[in-house]
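Same chain, two partners: chain A is paired with chain B first, then with chain C.
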Partner chain A sequence: MQSAVLFKAVSRLYGDVRAVDAVDLDVRAGEFFAMLGPSGSGKTTSLRLIAGFELPTAGEIEIFGESAKGVPPYRRNVNTVFQDYALFPHMSVRDNVAYGLMIAGMGKKQRHAKAEETLELVRLPGYGDRAPSALSGGQRQRVALARALVNQPKVLLLDEPLGALDLKLREQMQEELKSLQQSLGITFIFVTHDQGEALSMADRVAVFNQGQVQQVGTPEEIYQRPDTPFVADFVGSSNVLPAELVRELTGVAAPASLRPEAIRIGQGEAHAATVNSLSYTGAVTKLGLQFRQIQLSALVPAGMPVPERGTSVAIGWDRTALHMMGQGK
Partner chain B sequence: MSAYSAKAPLGLKIAAGAGLAFLHLPILLIFVYAFTTEEKSYQWPPPGLTMKWFAVTWNRPDVWEALYLSLQVAAISTAIAVVLGSFCAAAVAKSRFFGREAVSLMVILPIALPGIITGIALRSAFHLADIPYSMWTIILGHATFCVVVVYNNAVARFRRTSGSLIEASMDLGANGFQTLRYVILPNIGTALLAGGMLAFALSFDEVIVTTFTAGQQATLPIWMLEELVRPRQRPVTNVVAMVVVLVTFLPILGAYYLTRDGDKTAGHGK
Partner chain C sequence: MNPSVTASPAVLQRKPGLLARFSDLLWRRPTVLLAVLLAPPVLWLGVIYLGSLFALLAQSFFAIDEFTGLVQYEWTLKTYGELLRPVNLDIITRTVTMAACVTVFAAIVAFPIAYFAARYARGRWKAVFYLGVMLPLWSSYLVKVYAWKLILAKEGILTWGFSKIGLMPLLELILAIPVIGGNSLSVSYIGTFLVFLYVWLPFMILPMQAALERVPVSLLEASADQGANPSETLRHVLLPLALPGVVAGSIFTFSLTLGDYIIPQIVGSSRLFIGQAVYAHQGTAGNIPLAAAFTVVPVVIMGFYLWGAKRMGAFDAL
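Let's look at the complex of A and B:
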């Protein structure tokens, strides 16, 4: 499959800080790709490198097979939805959406028609005359999306676009973005620090930490078979068992991840642990367990008996639930 | 809320009235004397009222000359200030470089310094560089404080303008020039206009720096100062004073309204 965006050992340094550190990436054409990581992990810098707002200190970026070297942002067939939307406050919604077309030299009538068409696509028909300031956060987000999409970019970059929205609106926009991407067939590259968002929306996810890519894979791969302790911990707060303990349990000296939902609690299980915290979250109760030298978290579904704090319980798991990892970077 | 909505006590009203009178009565007096029939001294009450001084003023070539020079000086130094002030504001607000705070302080310094210091400094500088005093030396002198006014207005607006607007414009295909024209200027335009108007008003009635940087030329305020010494046709000075009040007051009023609305639109983007 063709690459939409290719990173070849790309680094971006700020003084001594390696914001992006020798990253290799291959985003395929037409996929919904998420860059996931905590703040300062290099995911936004990577996005800005693709847009052309930052230049790599080392390495090379290709966009649809062509080197992006020396190509300014305004010559890249890539558009961005900014975190703060960056709508032009002195223009109407219509002029905001039509901005790229105006710059490209399209006539007024034609570009206004195009803008209206795109506003319909993002479900804001008839909002063209309003000022951006008269819109809600969710609506501004849609205008920003329309403004980027109207230019029919080959790649759409989204920088934490849902961060400022409330939960309900965020879930709705997640679905809309996903279906929009599928119907348009444009490559979406989506930056987020919310692992739930990345897992539910993306075809593939790259997990960033300290400027490096820890793992690239489908949401299932990332969740079920994390490559490194960081990925296991960051994506869905998996338990990480240190290599020492894993050697005692299995004879293999490597850190392993163990999902909280994979831990069974009940009589007849092989290991002993002590309950030292309980938190009720609705559908499940989260247990904090002291198991040998480490702390494990486990889940008890609603309706099942919940052990009391301070008591000893027997715990166990399937052999396959223990997923061996590399040491990580 | 209740503390402010209650009716002001009588004493406070009288004090406020007295304060306003103290501020504005002298200005009103200037206006009244423009209509007096007594031309040698300012006599109160005016012995009679007449409109003839307007005609006299209109026919005095020296008034026209001074007015023309003042307008020229104000217009050119404002133009210089708008260009330099906005560039400087853009650099300080939009990038980080070594000595940024120092540059910011140094730009503002001329307006903080007493005018007389600026005046003496410029005069000795012109003297050292062997620059003859002319309209251009006055313009240079005025530009030093006009730049500050424009800079202050522009830098405040730049700081409120989100940096991603410029990136968004570039992202959508606009090059630097197009971004300047379609995004940056419309966003800082009213701030520049307001700064320019204030600078114009400041320059138009400036006396101190002008005294030090002018040669034989007299701007309107300098002309008025000279005129006060002469006991003939004194009300002409008052007619000119009314013109000066109008020429300086209107831009200041305009600047006030422009930045007020501008603040609203600038705040909206966030």
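Let's look at the complex of A and C:
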């Protein structure tokens, strides 16, 4: 499959800080690709490198097979949806959406028609005359999306576009973005620190930490078979068992991940643990367990008996639930 | 019961005393606080400042008796008729043209400086910028103007510099331009213009910088992202958003030039500007009504200027 964006050992340094540190990436044409990581992990800088707002200190970026070396943002057929939307406050919604077309020299009538068409696509028909300041956060987000899509970019970059929306709106936009991407067939590259968002939307996910890519894979791969303790912990807060403990349990000296939902609680299980915290979250109750020298978290689905704090319980898991990892970077 | 709880102080701590009660009152009634804070400036602006402005306006509708030289307190438009005589119109045209030139050039010179300060200067460089812009304002205006007279004089450093680098013919060519040229820079309109430009430049830079600083970087990036090259971004995004700052700065440079009477007196040809005319009429000539009428001119011009700027949408982004 063709690469939409290819990173070859790309680094971006700010003085001594390695914001992006020798990253190799291969984003395939037409896929929904998520860059996931905590703040300061290099995911946004990577996005800005693709857009051309930053230039790599070392390494090379190819966009659809062409080297992007020295190409300014305004000569790249990629468009960005900014985190703060970056709508032009002195222009109407229509002029915002038609901005790229105006710059490209399209006539007024034609570009206004195209802008209206794109506003319909993001379900804001007839909003063209309004000022951006008269819109809600969710509507501004859609205008920003329309402004990026109207240029029919080869790659659409989204920098935490849903971060400022409330939960309900965010979930709705997640679905809309996903179906939009599937119907348009444009490569979406999506930056987020929300692992749930990344897992539910993306075809593939790259997990960033400290300027490096820890793992690239499908959401299932990332979730079920994390490569490193960081990925296990960050993507859905898995329990990470240190190598020492894993050797005692299985004889293999390697750190392992154990998903909270894989831990069974009840009589007849093999190991003893003490309940030292409980937190009720609705669908499940999260248990904090003291198991030998480490803390484990486990989940009790609603409706099941919840043990009391301070009591000791028997816990167990399937052998296959224990996923061995490398030491990680 | 836990003894430490009973020993703790009351939850609601009432405090006796007049001052405490007064501050409580201000907290409960913010309008009282507002009234206390606003009364002095409102008195100052409303009564003393606007009051004298209206007194001035009233003066311009009186006229002096040509034989006795005394002001006759009867409503008349005679003074305005006098204002519109060619010699006085000349003064007005000269002053307005100068103010417009100074404003346009100040905007052009100030923009890159303000842009650098808003976008790139951080920490120490920001301090250097503010110091560099403000420092000239700390020294006496008269000192600066006389310094410029020396710089621009025929024997001054500028002429000397031009001759040292062999550009004397260029300087002579500039001075040979009719009307704005002259014997030397210090007695030409070019000289007056240069001094005005120098003296009022900080008043253009500072509001411009404030306006540019409020333009988020992401808007410039969004423009580039949409395919606009830097000059298109300047035209379509940066300038429209900086316009309130430019207008604010131009109000300063324009009105300050309109009203100044010292610079054209020290540097330039001996032809009068509005400020000098006011000075002369209210002083030696004793024609207070005409001086008042001259003073009304900049007020009216600024009124039209602001009205035009508002219609252009200069304040929409505020």
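The rule we apply is simple: the second predicted complex is superposed on the first by the 329 of 329 C-alpha atoms of A that agree within 3 Å, B and C clash if a C-alpha of one lies under 4 Å from a C-alpha of the other, contacts with A are read in each partner's own complex, and residues count from 1 in each chain.
Operating definition for what follows: contacts are C-beta pairs under 8 Å (C-beta built on N, C-alpha and C of every residue); 3 or more make two chains touch, one makes a residue touch a chain.
Note that the structure is a prediction, hence the values are computed from the model and not measured.
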Clash or fit (per the criteria above) of chain B with chain C on chain A: clash
Contacts of A:324 with chain B and chain C, given as first, second, both or neither: neither
First (chain B), second (chain C), both or neither touched by A:22: neither
First, second, both or neither for A:132, with chain B first and chain C second: first
Contacts of A:88 with chain B and chain C, given as first, second, both or neither: both
Which of chain B and chain C A:51 touches, first, second, both or neither: both
Which of chain B and chain C A:74 touches, first, second, both or neither: both
Chain B and chain C contact sites that coincide on chain A, given as residue numbers: 51-53, 72-75, 78-80, 82-84, 86-90, 99-100, 102-104, 147-148, 151
In the complex, chain A residues that touch chain C: 51-53, 72-75, 78-80, 82-84, 86-90, 99-100, 102-104, 147-148, 151
List of chain A residues in touch with chain B within their complex: 51-53, 72-75, 78-80, 82-84, 86-90, 99-100, 102-104, 131-133, 147-148, 151
Residue ranges of chain B touching chain A (in the complex, touch as defined): 162, 164-165, 167-175, 178, 182-183, 186-187, 265-266, 268-270
Partner chain A, residues of chain C touching it in the complex: 216, 218-219, 221-229, 232, 236-237, 240-241, 313, 316-317
